[in-house]
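A, B, C and D label the chains in the order they appear, each numbered from 1.
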Amino acid sequence: MSTRARDILVPLACLAVLALVPLVATESYTRHLFIIAFIYGIIASNWNLSLGHCGVFNFGHLTFFGVGVYTAAIAAKTFGINPWIAIWLGGVTAAFAAFLIATPVARLKGIYVVLVTFAFSQLAMQLVLSQSQITGGAEGMVRIPFMRIGDYSFVRDYKLGYYYVGLGLLVLSTLFLLAVINSPFGKSLKAVRDAEDYAESRGISVSTQRILVLVLSAVFTGVAGGFYAIYLRVASPEVFGFGTLALALSMVLIGGTGTTYGPIAAALALTFATESLAGIRGLEEARFIIVAVAMILVLRLAPGGLLGLLNRLKI
Amino acid sequence: MIETLLAALVSGLVLGSLYALMASGLSVVWTTLGVFNFAHGALMMVGAFVAWTVSEAAGLGLLTGIAAGTLVAALLGVLIERLLVRPFYGHRSMLLITVMTTLAAMIILEKGAQIIWGARLKQLPRLIDGEVSILGATISAHEAVLVGLAPLILFAIWRFTLKTRTGRSLRAVGQNQNSAALIGIDVPVAFAIAFGLSAALAGLTGALLGSIRFITPVMGAEPLVKAMIVVIFGGLGSLGATAGAAYLIGLIEALLIVWLGLYWTPFVLFLMMIIVLVFRPNGIFGGKE
Amino acid sequence: MDNLLTVSGVTAGYGPITVLRGLSLHLGAGECIGLFGPNGHGKTTLLQTISGLIRPTSGSIEFDGRELTRLRPPHIVEAGLVQSPQGNTLFGDMRVQETLELAAFSKHARDDRQSNLEKVFALFPRLEERRPQKARTLSGGERQMLSIGCALMCAPRLLMLDEPTLGLSPRLKEELAQAVGSIAKEGIPLIVVEQDVEFLMALADRLYLIEHGEVVREIDRANAPDHDEVMRLYFGEAAG
Amino acid sequence: MLNRRLFTGAVCALALATSAVLAHADVIKIGVLAPVTGKAAADGQEMVNGAQMAVDELNKAGGVAGHTFELSVGDVGDASADAVATAAERLLGDRAMGAIMTGYASGSNFEIEMMAEQDMVYLVSANSAQTEGIIAPSPDDFGTVWSMTPSYAGYNTEIVPVIEGLVADGKLTLPNKKVAIISSDNPYSKGIAEGMVVAFGEAGWEVTENDLLPFGEINDWRAFLAKIRQNPPAVLINTDYVSANAATFMNQFMEDPTNSLVFIQYAPSVPEFLELTKEKSSGVVYNLLGGVLNTPTNPRAAEVLGKYKAAFGNEPGTYGPALYEQVLIYADALGKVGDPSKRAEIGAEIAKTSKQTAMGKIQFDPATHLSVQSNDGVPIQFYQIRDGERILFYPDQYATGSFEQPGWMK
């Protein structure tokens, strides 16, 4: 099979399988896991746009997600905006937040990027906690309106509706990422990552590019956050917490920073793998250790991620 | 008003001493290897737990416990260097890869501690009981010991890096690895020493802190963040600047708590950190690049 | 086997890029040799490979009858094979005195630390003046002197100098050339990498021309070409 | 609200399917939704232990209505919404699941709606204000969800008459009528602090400090205490319920105590608080609503505590006994209904509960689904810690001792 065909046919086949899953998985638990995996897939693959494709080590990516969560929650609950619109508002505010973070970060390098973006995420969490009359503070917001189409309510359909909304968002996000990566802009990203000085000598403005890439990576991350709030009907400050960050990061790394599909595949694999361990009593702590060890092993043995490894082996 | 200010001053001194011990360890690894060790706080926690096991559970006394905590943390530090840092030397994005591997080490240590020591809070007895009054503000005698001990330890590290062969070799490796190797310094050994020394400092700090705060698997997280702020303020590099920044941040924090309340203090500290990073990435004491 | 150093068939490089391609050369006891050739063709890589900074993919390096190929830099320095790297700042934040003291790091060099220090200061009086200064504040020539001084502090049995006069003013160049000459006179065997072939010809017993990671010509004092031929060798062939 | 009718059919179909499974199953699973890992793991372990204890006991007695029980744990970790929802979904998705218990799972209790949507029996201990907020607008939609804790309103107001009563009885001498309050930014602490400010104000007290802290780990209370020492109040109240924070507060207060009665919300009831403060906390006052009522007049509590200690080797806080009682309340209701798949009926049976438990006599309020607070039901209990002992001094009918002026007060 030619590479070209493989790049198109394999994802399409996967998509077809995912589209048929709800016919087989009729109980809501499995569907729920898929929905959570789709959300993490969007987070991880978009994070990979800045981390893998542009080499910006953004430690505040989950801030964009959190901003999306709270935007949708406040829009839908406080202002009564239709949830279908509210989730897209999450993308808008996340992009704006990304712009705020990106402006100072664009000029920095290496560890400083890690530290500033980390500080920003802490700042965002403090803001959410302190503005409790708007955000619900430490306890968050509950009873966020759910989705419906006409008379069809997305509650009590065993998550069928949410499954397809989640899958749809994942597809849109992936198409968006592919479009970005294959555009001339996307190609210039690689140039910056691999040879910054050379890129600058060719007239590519590195800082403008970094700002743009952070903003682009925030859009669907924010939308995913909005969907997360509407789907779970809750917004709570734990989304800024370290646990979510570590999990998403391990998805990016295990999936492979060079690919678009790697983090998505890793999101699906890790969600189901950790969940299958979660049911075993006594292993609750151990599953985090297993994920951390897997992350180290991938970094040591297959720096391109597991999907990158498969690609190299021509499977 | 004056009394409140003095109380803040003393409080800042206690915080500053703690931050100085934490940050100097972080800084030793950073200056020698160019690695930002996110597992530093977790090593501190391990030091506290081991000290507790030896001194309380096994009943061998507090000083033995502190020594054991320091030693175990040091060994773990060497192990982390060997397994999680050394394989990536010379890699193009070594700095960022080691951010991730040390993060993974942090998760493993924290979760492992929870499995080993359980979820219930623990505390060590104090080195000395009773209270001490400084400038009209009262702190526990144990904290007074910490305040006195921190400058001594910092001074010892400073002399070590300045005057001893091993200490100088760490500095040499930090400044130019190849040249260091060419005069016969064993670079990997220097890296292991730096990591071990830094981890020993973390373990010692943790064991001392375990008498003031409570020992939990996540007790290292907050001090790590503060140490990060300190190292950034001081400028990633010199030990003296780091120590100065530690006391400065401790004082600022204590004053902020008085003026703004505990509520907004962390917010302002993070904001300051961002401003310093953006406008003076080499720290407030650091020179231009 | 009389040779102090034998390099045979060494292939080495940086990651996927191969720089040295089966290079061989040797240095007899008490001999000084010079390496020259165009930039980027492997002279520095060769020195780094001998010092153990780069591990060769094939070939062998023998020093004083001992196989060095798999040894790491500290053990090579311990054996007495020392390199003074190309004009760099060494350890910018360290003082001159400190740097020199530290340089006597290996076990065998430690005992002679004091006498070696005196020798270095005798050789480079300027360094003695600059003792309390930090390395980053030194001039280019002084840095070069410090670098050579450091190498001497290691009590070398074979000293490798990588372009000791690079980028220096003619006056300083002269000063350094004299110092290197007196090191050679003291009986320390040298391998010197230089662009200045005339300087090499005056110093070395034999010269190797290195191009594309190979020795393309060995020049003996006996069959020494005249100045014009050297120039042609150097520029003509390199360009072609 | 919930668009019920549309999906009644689907729900019925599922109910039939599950009943087919459950009717033949000998083993009913009891889920525990708890923070088994992460910061609150100590609470989570205790919840699991308490439920395990009840399950073992029921099984030893031969089960209920022919069914035996098995525990299934859903870890909510650090309580992020997806972790809670995923753990809840896993438990809900298990066809053999008969009921789910928790002390607390999320801070917001949002999972209550997930439970109600599937008519899952869900018994909760903490966060009764959030529970009330979700259930009170339409209690009928939450027929299977019940809270062991009464409304927190008592926390806001009862403290004033209790303190004034102590003064009137001559057991407590106060230097002035000032009160200083510090709270932490979470609905529980903040809500109670706000309620107290009102209650003290109405009783003619002067509130000298009313500070708010960020929610989380607090290692240094000295700046606040310095302000207290400037203007010592008669009563010093801290509503931060995190036991480590409260223990630090107590230790630092005792470095230079003022002539003030110290009241700390909830935290002193946690066994760790005593271990961590030792003699330093002798004299501190706290109260409990829905906590273990360990007095001679309620022998049930001593019995449960004794069993827990025998089984797990340490003293439990509230959640061990609470989860134990929750499982037994479910078992009672199951015994009456017989069929574990008739969860709505079991919920209705739980509503009728009137049972003497370790927390007092549990009865549920149909309007809020919370347990009812009263001196005959679940009382508010005031304790003083003295020399490592917890002395219940109010209400009188349960008292195990009487209040004494703390040693540090003049």
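By definition in this document, contacts are C-beta pairs under 8 Å (C-beta built on N, C-alpha and C of every residue); 3 or more make two chains touch, one makes a residue touch a chain.
Keep in mind that what you see is a predicted model, and the values were worked out from it rather than measured.
S.K.: Which chain wins if you rank chains by how close their C-alpha centre is to the centre of all protein C-alpha atoms?
M.R.: Chain nearest the centroid of all protein C-alpha atoms: B.
S.K.: Counting C-beta pairs in contact, which chain pair ranks first?
M.R.: By contact count, the leading interface is A-D.
S.K.: Taking CA centroids for every chain, report which one is farthest away from chain A.
M.R.: Taking each chain's C-alpha mean as its centre, the farthest from chain A is C.
S.K.: So what's the Cα centroid distance for chain A and chain B, whole Å?
M.R.: 33
S.K.: Which integer distance in Å separates the CA centroid of chain A from that of chain D?
M.R.: Whole-Å distance between the two chain centres: 36.
S.K.: Could you put a whole-Å number on the gap between the CA centroids of chain A and chain C?
M.R.: Roughly 54 Å separates the two chain centres.
S.K.: Centroid of chain C to centroid of chain D, CA atoms only: how many Å?
M.R.: For chain C versus chain D, the centre distance works out to 77 Å.
S.K.: Can you list the chain D residues in contact with two or more other chains?
M.R.: 37, 185, 214
S.K.: Enumerate the residues of chain C that touch no fewer than two other chains.
M.R.: Within chain C, no residue touches at least two other chains.
S.K.: Multi-chain contacts in chain A: which residues touch at least two other chains?
M.R.: 126, 130, 285, 288
S.K.: For each chain, which other chains does it touch, given as pairs?
M.R.: Contact pairs between chains: A-B, A-D, B-C, B-D.
S.K.: Which residues of chain C touch chain B in the complex?
M.R.: 48, 51-53, 72-74, 77-78, 82-85, 88-94, 98-99, 101-103, 105-106, 109, 147, 150-151, 153-154
S.K.: Spell out the part of chain B that touches chain D in their complex, as residue ranges.
M.R.: Per the touch definition, chain B meets chain D at residues 3-4, 7-8, 10-11, 14-15, 111, 114, 118-121, 123, 131, 137-140, 212-214, 216, 218, 222, 254, 257-258, 261-263, 266.
S.K.: Quick check on the complex: what are the chain B residues that touch chain A?
M.R.: Chain B residues touching chain A: 36, 83-84, 87-88, 93, 95-97, 99-101, 103-105, 107-108, 111-112, 114-115, 221, 225, 228, 232, 236, 263-264, 266-267, 270-271, 273-274, 277-278, 281.
S.K.: Write out the stretch or stretches of chain D touching chain B in their complex.
M.R.: For this pair, the touching residues of chain D are 37, 39, 41-42, 44-45, 185, 211-214, 217-220, 222-224, 226-227, 229-230, 243-244, 247-248, 251, 255-256, 272, 275-276, 314.
S.K.: Flag every residue of chain A that touches chain D in the complex, lowest number first.
M.R.: 27-30, 32-33, 36, 39, 126, 129-130, 132, 136-143, 148, 151-153, 155-158, 228, 232-236, 238-239, 241, 243-244, 275, 278-279, 281, 284-285, 288
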